[in-house]
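Every chain is named by a letter (A, B, C and D) in the order it is written, and numbering of its residues begins at 1.
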Amino acid sequence: MSFPLLTATAALPAIGAVATAAVPAARRTAAKWLALGVSLGTLALAITVLVRFDPDGARYQLTESHAWIKDFGVRYELGVDGIAVALLALTAVLIPFVILAGWHDADPLETGSRRWRPTQGFFALILAVEAMVIISFEATDVFLFYIFFEAMLIPMYFLIGGFGDRAHEHGEEAASTQRSYAAVKFLLYNLVGGLIMLAAVIGVYVVAGNFSLTEIAQARANGSLHMATNTERWLFLGFFFAFAVKAPLWPLHTWLPNAMQEATAPVAVLITAVVDKVGTFAMLRFCLQLFPEASKWATPVILVLALISIVYGALLAVGQRDIKRLVAYASISHFGFIIMGIFAMTSQGQSGATLYMVNHGISTAALMLVAGFLISRRGSRLIADYGGVQKVAPVLAGTFLIGGLATLSLPGLAPFVSEFLVLVGTFARYPAIGIIATFGIVLAALYTLVLYQRTMTGPVKPEVSAMPDLRARELVVVAPLIVLLIVLGVYPKPVTDIVNPAVKQTMSDVHKTDPKPSVEAAK
Amino acid sequence: MSATAVHSLWTTAAEPISKIPAPKIEYGQLSPTLIVVGAALVGVLVEAFVPRRSRYYAQVFVSVVALCAAFAAVVALAADGYGTTKAHIAAMGAIAVDGPSLFLQGTILLAGLVALFTFAERRLDPAAHGNRVDSFAAQAASVPGSDSEKAAVKAGFTTTEVFPLLLFAIAGMLIFPSANDLLTLFVALEVFSLPLYLLCALARRKRLMSQEAAVKYFLLGAFASAFTLFGIALLYGYAGSVSYARIAQVVDGTVTNVDPALANTMGNDALLLLGSALIVMGLLFKVGAVPFHMWTPDVYQGAPTPVTGFMAAATKVAAFGALLRLLYVVLPGMRWDWRPVMWAVAIITMLGGAIVAITQTDIKRLLAYSSIAHAGFILAGVIATSKDGVSSVLFYLAGYSFVTIGAFAVVTLVRDAGGEATHLSKWAGLGRRSPLVAAVFAVFLLAFAGIPLTSGFAGKFAVFKAAADGGAAPLVVVGVISSAIAAFFYIRVIVLMFFSEPRPEGPTVAVPSPLTMAAIGVGVAVTLVLGVAPQYFLNLASQAGVFVR
Amino acid sequence: MNPVNYLYLAALLFTIGATGVLIRRNAIVVFMCIELMLNACNLAFVVFSRMHGNLDGQIIAFFTMVVAAAEVVVGLAIIVSLFRTRHSASVDDASLMKL
Amino acid sequence: MENLIALLIAAPLLGAAVLLVGGRRLDAVGQWIGTLLSAASFVFGLILFADLLGKNAEHRTLTQHLWTWISVGSFQADVTFRLDQLSMTFVLLITGVGSLIHLYSVGYMEHDERRRRFFGYLNLFLAAMLLLVLADNYLLLYVGWEGVGLASYLLIGFWQHKPSAATAAKKAFLVNRVGDMGLSIAIMLMFTTFGSFAFGPVFSHAGDASEGKLTAIGLMLLLAACGKSAQVPLQSWLGDAMEGPTPVSALIHAATMVTAGVYLIVRSAAIFNLAPDAQLAVTVVGAVTLLFGAIVGCAKDDIKKALAGSTMSQIGYMILAAGLGPIGYVFAIMHLVTHGFFKAGLFLGAGSVMHGMNDEVDMRRYGGLRKYMPVTFITFGLGYLAIIGFPFLSGFFSKDAIIEAAFAKGGTQGWILGGAALLGAAITAFYMTRVMLMTFFGEKRWQPDENGNEPHPHESPKVMTIPMVLLAFGSVFAGGLFSIGDRFLNWLEPVTGHSEGHSPISAATVTGATMVCLVIGVGIAWAQYGRKPVPAVAPRGSLLTRAARRDLLQDDFNHVVLVRGGEHLTRSLVYVDHTLVDGVVNGTAAGFGGLSGRLRRVQNGFARSYAVSMFGGAALLVAATLLMRAV
């Protein structure tokens, strides 16, 4: 039997989480290094996966399959296609940065008992999230996926509710209240989504008799598994609802601003750059493959919702006074793009959406982490509390600007490629929607530049005048992300090469082909 | 006096009935119950003859040995195939020895054993006058706050009677789900109820509440028993027998040789419907289904916490076992009558439990409402009327009972000057003071909430799957919704423990003896094992999913 | 006399008992009402036994009596201890726990 | 030789990277690195130019394929460069003028502590601009297109501590984004129409597409051009962009970047030629803008803003020419190049004036500067003469050609467009004379600033004057060099095509009319600003003047409709999000809470009421069971 690479990729952070949690209270720094080491090890494994993955090979590779819960028809089935590999790599890449960026976020305050070990907990939880996210990307069994899709809420919940920005405009008490509100909101939204999906998961079992994605998709394709139209639609909706909450799609989005606002910046990155990607990923993998007809049936509505997300998220981002909230609404807008790309049902749209997931992960990480550094310096999240930072901390401002430019999809940086692909893919089938979505790029410029202008430019505010520039550790976090943004912006081929075959498969799952250019069509 | 003579004395029936044959009792197959009953009797003798100092140890010893032995007997019977191929009806038709019986008996015995550990815990309460004390009143008969109570405390009295009472209750519960006629059912019901009434009254602290709980439980329980008994009477009138098999035959209409003279009662559907409804009501009372649930919060809150844990777990197991048998063996023929009604009950139970729990402020009451909601989930599985339905309920019960006992065991640890600190506000910041205890409790709460990788999820999934398979998709949807509502208050507790600042005058977490640790540890272990690798237990449950008729 | 009439009587007694439980405050009386309900059940058993011409019902009646007796023992113990604590046997007084 | 193309871009890109990442240790030499690499690019350009000249006209297109950029299904975008006559022209203009302005900036920015970064940005701009003109497909062009936007953003806002600069930078980027939206939609349209957006396939298949599609593409390209080239209705950013350092205004907002729109339209000739409606729109935009810019230029007292209005107006000429189709393309580009020279020269002159005047920009505080800054005066003067179309200077040839071409459009359109162009020439003469007079002639009007520092006007250092002199040379001779013997026409024709229109009036008439206009414009200006002293405080002015000072109220419109409206919209959306979307959820939660509180009261603690509930339940159970049977 070959080495279970995929299992190992997920298991390493899981074991690391336990080990980190077990580090004695006094050895805080050791826990940090351990977590960092584990995340780097996971990165190494993920790179191995990337290398061993053959884009032109079978659809699912590095597969593992073991009996697990026979009574539920559940198997421990792992396998990755191009889309999963890309997201796996994204996750593995981002986590070390998240850990490094959050190096001091969980240093304990004076209060609390000896046994209270927040630092260990913080890093253990991050690793736990990583493990669960990775296995969600790898699972080709619906039930297995569902389990981790749901279970990852718990560590996320503790990360949001347990660790927040040190300083808060209304004092620690209020911060704590708001934090737990945000955490509860996050959990309840996602739990409700997950539970509704649970009903649909059960429905899938009732209809199909097993949970194997490959088997069901195959049976659906060759007609041996027939789903009544209504059944398929209901099941689709059950799945989609959960993913739309996680993604998040308008109007199920309101948990995200709260969560990102209250969480520390690295955790916010974890939410939006990593965990939420599971939602969009799952739309691509599960909704389209399991319920191709229902997906097509729902497409118009979903596209309109995605469009609303794009514009609405961007407009709300413009109206925010809180840096992190702003980034959150920007993310909502971006998730609109991703979902639009997925349901445009063109290869450009779907490849673009996948690429978008990767790029958005990196760009948001860059922007948010720098924002976090900024906030930790001044102790405020309010945009109005800043001004003229550029003068005192030019490197910080510069990296912040690059993160912002990536967010507004400046050509030459990675997000542009994906955003344009999504737009073109959508436009090819739905010109009107494509055009309206294009307004999103203007609004993106608006909120990003307004944010930059108000925080970084203008006269130096007295409160920020002593602000130190980025430290070495922080630079180590930001610089690679920026390099990645540029490299993937200029040469995205490695990613598209991996993603394209998988998208082609998905397109054939839903029996869709790209529209022909009108010049050719006329001939 | 011979049976014939009795008959001729009291009846004018046309023909003499035949002799009552000498009862044939399969002692081996009944050994689990017999062992426990025997041990309970030994316990009574211990109370009578063993010196006060040693009673505690003797009682614990006897009880543990008995429960282990009984469990071993269950395992042996199951291994012998009594759960599957050799399943049959023993004791002249009174007791069914089959898969569900053995599975539930095993569950009850293990749950009882774990509960016993919490009963025997003597380190939590500060020692009174140098005597270690447990959760039970020094002397139940003494008036709270009176001189006699003080004297009893000073003398180091403890109510070691709880152990035989527990054993009696367990014995009743062992019979309850395997009872194969209505009389046995009724007797078993009373056998396990009566000790529980008493146990409820025996709390060491907050004795007024304890007594109040006992009175409420007792009166309502007796009230429900009366209904059950009346139902039994009506069913007897309907079928002319209290044997499950016989009634089932009559319900199915397979009995053709009906005496025309008796036609007006025998096979009278009104009697059947009334009678079965009343019996079912009695069982629903025991499982705590809405609207027969109202005793639950008060009793759970007032009873000594170890007793609450035991009640919440074992009573539910036993009562659901009996309910399953009744519905699957006796009344499958009238499925179409009771299913809609049970649908309604399940729905209001799920929703009612979950909704009312939202605003609870006492941890024990909260768990009580949670147990009501869970009863609703299990009912969804009961309604499936399929083999899957049975095994899913069995599995759910097994998982649930250990979580419950574990959770209540944790509740016993969090204490302040007045004993257990059950008001939720006192739990604020528990995660900061003792992360481990809070984490364990969080695991239990997550299991209650049905988060994946806990037994709660596996159980819920099994039950919902069975329900959906059985055509009860709407029930699944309601279940899902109420799970979501329920999640809210579980999360609320977690928020409180982890994200709130600890109160300066907050409670302390007592360090328990290995007994309670074992109870909690077993709870956690079962929760995780059944959550992560449930296949073995699902196999067991599905093998055990067939009732003998 | 038609045995069915005894059934009506049993039902009546049962209803009286149940009503008593619902409306009386004194725990002892409530308890007595429950006993009345049990007795109504017994009556029904005996009647059905007579109607069916088998002995099961009568045997059950004996069992019921035994059980009822046991219940009395337990019940009185609880009620008496409550009374001694509170100097009241009213079930309505025992309402510390609610909501 | 093709491989050199990439180096054109690589050199300034390297400069940008080195300067921006290099950190403080490069502070001392940063300006020279930047200038050197810019000059290197110019040298590469010259080598390539020589190479092209050595070839036949039809072989003067070089392409260099570097790598496949994006490839998804039929969506193929390559990093491929195309160097033909059109892009070559731009390359030389960009790198040449760019290098001069680098050099100038060495002096101009000497005392700025963030000088290194300034040169980094300038190099970044050069790289992006070169990418724009060298790209072989529209998507790659788009990269350059936004790249120059970014560079422009960074440079306008270079003095970020000034809120006005930061705001102007943001505004420029945003307005440009609106235009960019047009470009991206155009690319998408091309993709769905042709299955490609590379120049080759698009141009060769343009004939196969429906006119409607081509018109749509054309209009979207026009939108893009409007944004980048500050044409009505997206012109509002250019005036504010003068917040940037003056070399930036010279390079980006006069000579090169703002002309990218002209490039785009000329480059897309194949599409516009087949979409007359789009062409008409282009000419209308051009004509309106050339008047608009000119009018605004008349009213501004800020020397740079006056020049900015002029830029707008001159680009209007180019756009107008480009919209005329094959009769105008070449002249659009020619005017673009000559304008590059003289407008850059004018801006550098303005910068030199400011340099000597403590960064004072208000022309009413100048006056009589010709004595203090002779070199500046002369170079500025030559630029002035060139722009107003003084005979035989650069502007004369190129502008005249455009006016002729406009008349040659024929019909009513021809008369209207030609008339507008003529009118524009008159106004140009007026406002430029005004600038000249207010700055260099008359009495000195400067006063001490609030700190009591009186300006001491002085000539700028050599490093600044040399570029000015060189540009003045261009301003004087470029036009003649290009026009005599139709050199420029022959050079560009293979790319843009050319046709002679049928002008209703002769070329000589047009030239004569232009001269008349010129004289009228200069005369009025002289009458107003030369004969009598210029008041130090601006008079109230006519309604038109006041409107023109406010950019013809366009900014006010933007402010009221877009800014205020947008603020209201976002604020109300924030409210909606909070109360409605979130409110529904919170309301649900609160609803369950309330329900819970109410249901909870049922549990009243009285055992008897519990019994009632049980009794009721039992009754219901029985009733329901019976009912089920009955149904």
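By definition in this document, a residue touches a chain if its C-beta (ideal position, glycine included) is under 8 Å from a C-beta of that chain, and two chains touch if they have at least 3 such contacts.
The model shown is predicted, which means the values in this text are computed figures rather than measured ones.
Of all chains in the assembly, those touching chain A and also chain D are B. Minimum number of contact steps separating chain B from chain C: 1. Across C-D and B-D, the chain pair carrying more C-beta contacts is B-D. Centroid to centroid, with C-alpha atoms defining each point, chain C and chain D lie 96 Å apart.
Rounded to whole angstrom, the centroid-to-centroid distance between chain B and chain D, based on C-alpha atoms, equals 80 Å. With centres taken as mean Cα positions, chain B sits 45 Å from chain A. Chain A and chain C, compared by their mean Cα positions, are separated by 65 Å. For chain A, the set of residues that touch two or more other chains comprises 188. Chain contacts: chain B has residues 215-216, 219, 223, 227, 297-298, 488 touching two or more partner chains.
Along chain D, residues 589, 600, 603, 605, 607, 611 each make contact with two or more other chains. According to the touch criterion at the top of this document, the contacting chain pairs are A-B, A-D, B-C, B-D, C-D. For chain D in complex with chain A, the touching residues are 20, 67-75, 79, 117, 139, 142-143, 145-147, 150, 153, 157, 160-163, 165-167, 169-170, 173-174, 177-178, 180-181, 184-185, 187-189, 191-196, 205, 208-210, 213, 566, 569-571, 573-574, 577, 581-582, 585, 589. Listed in rising order, the residues of chain C touching chain B in the complex are 4, 7, 10, 14, 17-18, 21, 27, 30-31, 34, 37-38, 40-41, 44-45, 47-60, 63-64, 67, 70-71, 74-75, 77-79, 81-82, 84-86, 91, 94-98. By the touch criterion stated above, chain A contacts chain B in their complex at residues 67-72, 111-113, 115-117, 121, 146-148, 150-151, 153-154, 157-158, 161-162, 173, 176, 179-180, 183-184, 187-188, 191-192, 195-196, 198-199, 202-203, 205-206. Listing the residues of chain D that touch chain C in their complex gives 600-601, 603-608, 611-612, 615.
Residues 589, 592-593, 595-597, 599-600, 602-603, 605, 607, 609-611, 613-614, 616-618, 620-622, 624-626, 628-629 of chain D are the ones that touch chain B when the two sit in their complex.
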